[in-house]
Structure formats: C-alpha cells, structure tokens
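Here the chain labels run A, B and C in written order, and each chain numbers its own residues starting at 1.
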Amino acid sequence: MDKHVVVIGGGVAGLECAGRLGRMGHRVTLLEKKESTGGHAARWYQLFPDRRPGSEIADYLHKLANHPNVTIITGLGVESFSRKGEGFHIKTGGVDFIKADVIVVATGFDLFDAAKKEEYGYGIYNNVITSAELEDMFRKGEILTTTGVEPERVGIVHCVGSRDEKTGNCHCSKVCCVTAVKQAIEIREHLPATQVFCFYMDMRMFGPYYEELYRESQEKWNVNFIRGKVSEASENINGRLVVKVEDTLASRPLRMELDMLVLMSGMVMSKSGADLAKRSGLATGKNRFLAGLDHHYGTNKSAIKGVFYAGACIAPMNITDSLSHARGAALEVSDYLKKGIDS
Amino acid sequence: MNRFGFTITKGRLIDYDANDHSLAEIVMEQEPSLALCIACGCCGATCTAGGHTGFSLRRINLSLKRGENDTLRQEIARCMLCGKCTMLCPMGVNTRNIILTVRNTLKVLDGYAY
Amino acid sequence: MRIELFILPFNIGLWFILVYCVARCIIWFRDLSRPDKLRLQRGFFGRAFVQSLREIFMESLLHRNIFRVNPVLGYMHMSLAFGWFLLIVFGTIEADIFGDSHLNPPHKAIFFRFYHPEPASGRVEIFFTFLMDLILAFILSGLLLAIIKRFRSKIAGLKKSARHTFTDRVALVSLWMIFPSRLLAESFTSAQYGSGGFLTGNLGAILVAIMPAQQMAIPFWWLYSISLGTFFILLPRTRYLHIPVELFLIFMRNSGIRTGDRSGTFSDVGIHSCSSCGICLNSCQMALSAGVTHMQPLYLHKEIRESREINGVAFNCLMCGRCEEICPVGLETTAIRMIQRREPLTGNDMLGIWKGFMRQAGATGNGKEIPANGFTDVSGTNGTSFSYLKKTPGRKSKVAFFAGCMTHLTPSVIRAMESIFREAGIDYTFIDREKGVCCGRPLMLAGQEKEARELINHNSFLIGESEARILVTPCPICYKVFSESYYSGLEVMHHSQYIDSLITSGRLRLKYTGRSVVWHDPCELGRGSGVYDEPRNVLRHIAQLCKSLEEKEMGLCCGGSLGNFKSGREVRRRITEDAAAILVSSGASTIATGCPLCKKTFTPASEIPVRDIAELVTDAFYTVSNASFVADLEPATMNIEK
C-alpha cells in the first residue's frame, strides 16, 4: 500500500498532521509556500495561558515531522488541484503535476491587515502596531517607540478586523482576547512602570486557565480594562496618540493619551488558501473560511472524497485546538486510505 | 429600622415593568437592526455632536430599550445626522434611521402628524 | 346626417379628457407663483416657444432620449406616440379633403372609413388611403413589440419591468385594443365595399373568406370607439396622463421654471408627467444590485399622486442622481424627492392643492399648528437644536481646509493633504482639526433645513474668522453644501480641483508613477457638482488612467450614501460589491476616489487597493523637496515624465 498523502501548508496543523501520518506508516509530502515551516506560531514569544516559550512548540513539531516517511518541500506554493482517477493532480506553478491519493489542506490563516481599519492610524501615525509586531518586540527583548524610548502608557485595542461588519468580518477571532491579556502581562512584566489599558467589547476567555490569566492580569499586574470600542486614534501636537472611546460602564466618553497602541488583528482566511479553494472547488462558509462537511462531527472532511482539512483553515483556532484538529485529520485520512474511495 | 432594606432609591431604579415600551416597540418595528446593538460605544466615541455635548447614541439606544423615554426628547435633537456612527458600527445597526424614527414617532405620539 | 350610436363612447371620452386637461392646466397656472407666471407668459412668445415645439417633436413624439437608452425601446414608444399623432393629423386632413365638409367633428375623421367606405378615386385619395394604412402598420409594429416586451422585457434592454396598478393595466389593455380594433373595423368595412389600402384592403379580403363582413364590421367599430372612450376616461387616473401634461411641462421648463425647494405647480406637473416608463428603475442600483423595487421615481410619483404615506419610500433612496440623469422626460427626480423629505406632513392631498389650501404655512394634516422651533422639545436649549456649539475661532490664513466628519475616519487623506500643503508651500488653517462640526448637508438630505442652517451658521463663522480666500475640502458632500448653501464669498474647491490648480500654477511638481488607476466619480462630486475633469487631469499627470464601464454622468454609487436613511447593511453591501466589481473590471491596479465615504465603503469590498487622490499625489512627489516660500512663485513649467 504505497499511497501518497500530500499536506498543503507547513504550519502547526500541517506539521502535526504530516508527522502523525508518517508515523502511522504513510508516505507524506508536505508543501510549504514560505522558505521555512512552523507557520505563524514561529513568531510568538510566549504562548497563553501558561506563557511557555513558543519555541518549544516549534521544536516539538519539527521533531514530530522529522521522519523518513515525511518529505518537506519549502518555497513551493500550491495553485490548485483536480481529480485524476481516484487521486489528484496538484498544480504548483512548475511544469509537472504532483500526484496524490489524499490531500490535506492545512493552509491556516492570515492576520487581518490593520491598514484597512484606517481610523486606527496603522501605517499613518507612529507607534500604532499590531499584536504580531509586539511579539517581534518581545522576541527582540525590547519594547520601544519609534523615538527609541520605552512607552509610559500602552493601549491595546480588541476586535480589530473581527466582529466588525465594516471590515467584512463578522466572526470572532477567538484568541485575540486571551492574547491581549497575555501581552498586557508581558508588557507590565518587562516595563513595570508602564500603564497598560485594554479597550474591549467583551472578554472572551474560553479556554482552560484563560479566565484565571485574566484574573492574574488584574490582581498581580494591574492591567486596566475599559469597556468600549475605540472609534479612532489621532496624534496630538506632542506626537502622542489620542484615542476616542466611550467608557460604556461609566456611560461617558473618555479621552486618553498613549505612547503606543497595539491592535489585536484578527484571524481571516488565508489568501493563498482562498485562491486554492476557489480554483479547486472547495466550499467556503459565510465567514470565508473553509466549510467542513459537518459542523460537529465532520470538520476534518470536505465535500470532495480524499480531501481533508486540518487546522485554522476552517475557523480561528488556538495552537492546542489546531494540534487536536490535525490529529483528527490524520485519523480520517488513515481511515479513508484503509477503506478506499467508495467508503 | 429600615437601614438595610433591599429597596433601591426610586430615582436610580429602572422600573422595567412600569416603563412605557411602546416607543421602543415602534422603533424596533421600523428599524429592526436596533436589536443588534451590543452597546460597544463606538458610535458615542466617534460622534460629532458627542464632541461638544453629552449626546451618545449608545445611551439613546439603551434608554429606548429600557423604556426611559423622558430624556429622549431633548437628547434626540442634538444629532447632526453626520453618519460617522453608521460608518463605524461593527454590528451594522442603521443608526441614523433610529434617530429619524424616534423623531418621527415622537411627532406622531405628540399629535403633530397622523 | 347619420348619427351612429357607436360614436358615443369616443365622443364622451374625448370631450371629457379635453375639458379635464384644460381645467387642470388653468388651475395649475393659477397656482403658479407670480414670477413663474410671468416666465410662462414670456415663454409662450419668442425663442422659448420654438424651443418647446422642437422639444415636443423630438421627445414627446420621436422619443429621442429613449432611443439613446435602447433603440428597440425607443422605436416602440415612438411608433405609438408619433404614429398616433400622424394618424390624427393625416386623418383630419383626409376627412377635410375627402369628407362631407371642411371642419368636421372629430368622429368624422376618426371613423372616416365608416363614413366613406367607397374605394378611393383619384391619385390623391389613393395616396391617402395608402398613407393611413402605412401609419397604422407602423403603429401596429410597435404594438407588437410592446406586447412581446410585457413578457420578455429583455428585448427592449430592460432588466426590470415596472409594476403597474390595476387601473393602469386596464388603460393599457384599452390602449392596446384601439389600433387592432381599428384595423379590423376598417378591414371588414373595406371588404364589404371592395375598398381599402394595402393593409386593410388585403386583410379584409382574407377575412371575408372566412366570416361574413357585413355583420363583423359594426361590432369592431363599437370596439374601436369603446377602447378610445375607455382610454380617455381612465387617462387622468393613470400614467397616461403624461401625454397631455408633458406638453405643459415642456413649455414651463423652457420658460425657465424649475422645481425649487417647495411643492408647487411645477413639481406637481412633473409628478404627473411621469409615464412610468421604467427607465429610472433600470438604472437604479437599489433595484439592480439589491432587488429593492418600490422607491424609484416612478413609484414615488405614483405614491404622491395617491396621497399615500411615503416616508419609507422618500427616505430610502441613495440620492445618487442616476435616475435624473437618464429620465427621458427630464424630470428633476432628486428635487421632487427632496420636497417630500422636507414636507412630509403637509401631505400630497390633491384636493388641497386644487383648492390651494396647502400653501398656508403651519398647516398640518390634522390642523394642529407646528410649533415655532420644530418638533423636538428644545426647551432647555434656547429654542435651537445646536446651541451647545461654542464658537472658538482659529488662526487666519489665505487657505482654509475643512476636512469634514468622514475625512476624520480616513486620516490618510488628512495626512496627504498636509503633505501637499507643505510641499507646495501653502499656509493654511485647519478649520475642523479638533471638535469639528458637521457641514450640514446630511441634515439637509433629511429635509431638516432649519437645523442645517444652524450648523451652516456655526461653520460660516469659523471660516469667516480665518479670513481665507479659498476653502479646500476633500469631502464632496461638504463641497456641495459649501458651494450651494454657504454664502461665504470665498472660492470653494474640492481638493482634487485645488491640486489641479497647484499643478497648473507650478507650485506642485509631480512625477509619473506609471501605476494604472481607475477614477471613481463620487455621486456628490460628479453628478452632484459637475466636477469630472479636474480629478482626471490630476491623475493623468501621475498615472495611467483607465476607463470604467460606467463613469462620469452615469458613474456608479459606492453604496455608502448619506442620502439613504432606511436601507441597512445587506442592501448596501450588495450595491458596494457590484460597483467595486465593475471598477475592478476596468483592469486598473488601484481604485482612485475623492471621497472619504467612498474610500471607506469600497475598502472591504475591493480586491485592489482603494486610494484617495491626495494619497496618490503624495506618492508622486519627487524625493527632493521644493522650496516652501509662498513668495517664490515659479512660472508654470511642469516636469512631467511620461
């Protein structure tokens, strides 16, 4: 039984799925469009809720996927695939097709382009950064404004590009709230003299120990939480950022000067994944993520026999759930390969 | 001794059952998107009138939903209909129509129109 | 003298409609304001009169404007209108020459073949018989098209067909029956007497082979008369009232009368000149993209005529102006709708207008007096809505910059304009940098003129204090209201016009970036203010300008519209997506626009970047900065690399 599984996407879910399938005895090729694998997770400094180093996950994944049955090809993006007999032909932009019996789509997510929420001033004012860029600062070990000084006051805006009909994304990106809390704690730990304000609509602490992290942020780290969606930011004459927000709990407008504004950019369907879906006939849902065959018990399956889904390409997910989902995909693939296309 | 009674002082109390919800019902019928409001305050934050006075659409929506109509009459005149709130509302509430509907309904209820 | 009974329905109908039209026109004339009365009187003599006759011929008969929309549709309307006109004219001449006497009563001309069924003798009479048959065939060809169009509207290029009332449909059926019944009546009569032209004679000969001509003729003459009579009697209650009323409209318009701000004779005449042709419906993005088909001008006018509650209809319009652009009758649809928004309580009571009751200020539908300060309780605010505004003037300079409410949500535009001012060495005052006040146009669009005037006064004070000569704004909505309703005496410019002048005067030197852009005409700037060329001039300096399928006068609305108060996110999203798709299909790599509302609306819906024209201009700066002295005016040589 020399069936060939191709995993499209070398992020968290892709590596986990490829590693598992390889260890189950299947021949797997993993295609990653970037020059290195690891996906977005490679960028994170510490992970919630326990603040363990993100590099530990990267190490775990690379060890898992490092198996003789698994071939990893980087720098190769997939354009489309089509049915060929019982298997598929995968088009990558080169001359030849890659033949596969099973495809696992693990194209993951993109971060919302904060420049599209122009009123927050990303790319226009100084010191407006995204949560991902803040992680870069954490990894470098320094949190500095553009003038090279440490910020005295940092604001964090929740729901940027999520739950916002005006950006075209009505869905909740799930992980931003806990990320904001984590980052608030990290800022406070690194810069004990700095005040941190989180501007939220809701506090979505859905996972195990997330709510406890929220409590810790207030109890131990004195992070401030203001319930109000920031409408716009501007720069005042001193170059400091000013946010306009309503303190809805106090029922009054609030004006505040900040040195840095962190935008929690949400998760959206990845562009390359969306193009792949369109060209290859994969159904997407109203939130533009891929639509699994069934919402409860069929999230790893697509409507096309032999094509499976793993990870955040079907919905915003944290790393834990991406790994679990990828394992589910591996199980479905394995089942399918045993029973054949007519099962 | 009534020191530790559970009665909330009348002025602060939202007596939901005693309040008149007919205005809210009429507005909700004409502009169903009012139901989408999660009171995030983005409208009030960006409001042009809110930059000069205490006007906030979020508060208006809330007063409306709770049946607290007395403050509405004065407040509702302050809106400039500029549309910034409509442009920013994340839930897609048709904010300006709520203002217009409240104004028109008040006209009808006061007997100036039919 | 033979008096046949069947001529009665026709005569009753004809005299009824003639008396009705004359009476209506007299009442309308009487209700005109004094200046308008003088205009109309002047308009009946001199150039305006000839112009009106020409327009009546080209539009009411030949329907040239409809031909421009679609040739098949144009032919269809023309054949009925022009054909019927020719039938009447030549029929009258025919009856005059070949009839019993000159100056015959109308039914002698209409039923000429009945009264003179003998074959034609002499070349002139034969020619007339041929001519009448030819005109009848002409009309019938259009009628056939009209019937097909009812079932397959696409043949006339119409994607949406207009819904008609029951009365309209009865009138339509009677209209459609007029000419076929004339054809059959004349054919049977011709068959009886062996006369008739190429159409009626031959058809008669065919028919008489199958059925008795003797008996068949009279019933069809009856049908002809009844169809005519029914049509005439129903006319005032249907869309066909446009036939006589449009003539009056043309004379009034060519005399210089316009719709204005208040309801009156001209707006009323306009509403009754609407033929419900449906061309506005077919250019309306609310209908085409979002399937909303109850608020277009043809429906609005119907609602007004029936004095129905029109709030939901009047306020549910994007106010984009595409319908007005394409209306073949040239109705000022935007102005008519604005009147409804301003005067919702005075009602559209036709009886009231006839009696002139509604002219009184302060009268409402149920007689209660409108309080002086409007309807809202402003007792705590000195009787005005916006007395809470404080006037704090800023500095003085030659150029005043007014961003506007929406531009504060697109700070990239403000930044770009600040860069441009700096680059060109312009000293300016930013009027609404902090604590801005709305320009007032959104309130005007809601019909709240009085409240808008308060905001206008506030902003006018601030602008006046700056002692500026030029007012620059990046928002077309502000631009339109500054130009039309602010009496500030300074030159108002949209930022695209201002940038164009900076380029022309040499204060701004830009390089050609080579990127391909498509310009989106904002509704308020293009159709609203007539500014089409300056933005394109600017863009051509710095980029490759692509054409869009719908642009300039027929440019699309982005869907952001501050003019629409009723429609929510679903309707707008569909309009935006369709409009964005058309712009993207131009092949450009960037959508360029001059309106912050358009920019914000298009951004989530467009695959390609959406940029304001000011941003594109800053991208075209040379990296070497110009000297920033105002006095250093260099001659207008431009360094354009193409």
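The definition used in the following text is that a residue touches a chain if its C-beta (ideal position, glycine included) is under 8 Å from a C-beta of that chain, and two chains touch if they have at least 3 such contacts.
This structure is a prediction, so every number in the text was calculated from the model and none was measured.
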item	value
Contact-richer chain pair (by C-beta pairs counted) among A-C and A-B	A-B
Chain at the geometric heart of the assembly (C-alpha centres)	C
Chain centre separation (chain A, chain B; CA means) in Å	38
Cα-centroid distance, chain A relative to chain C, in whole angstrom	50
Multi-chain contact sites of chain A, meaning residues that touch two or more partners	119, 165-166, 232
Touching two or more other chains - residue numbers and ranges from chain C	408-409, 569, 600
Set of chain B residues in contact with two or more other chains	46, 84, 87-88, 92
Residues of chain A touching chain B in the complex	119, 159, 163-166, 201-202, 227-232, 244-248, 251-253
Contacting residues of chain C [partner chain B, same complex]	311, 315, 344-345, 364-366, 368, 370, 374-381, 385-386, 388-390, 405-406, 408-409, 435-438, 440, 442-443, 445-446, 448, 451, 455, 560, 562, 565-569, 597, 600
Residue ranges of chain A in contact with chain C within the complex	116, 118-119, 121, 123-125, 165-168, 232, 234
Complex contacts: residues of chain B adjacent to chain A	38-46, 50, 54, 56, 58-59, 84, 87-92
Chain A-touching residues of chain C, taken from the complex the two chains share	408-412, 415, 569, 600, 603-605
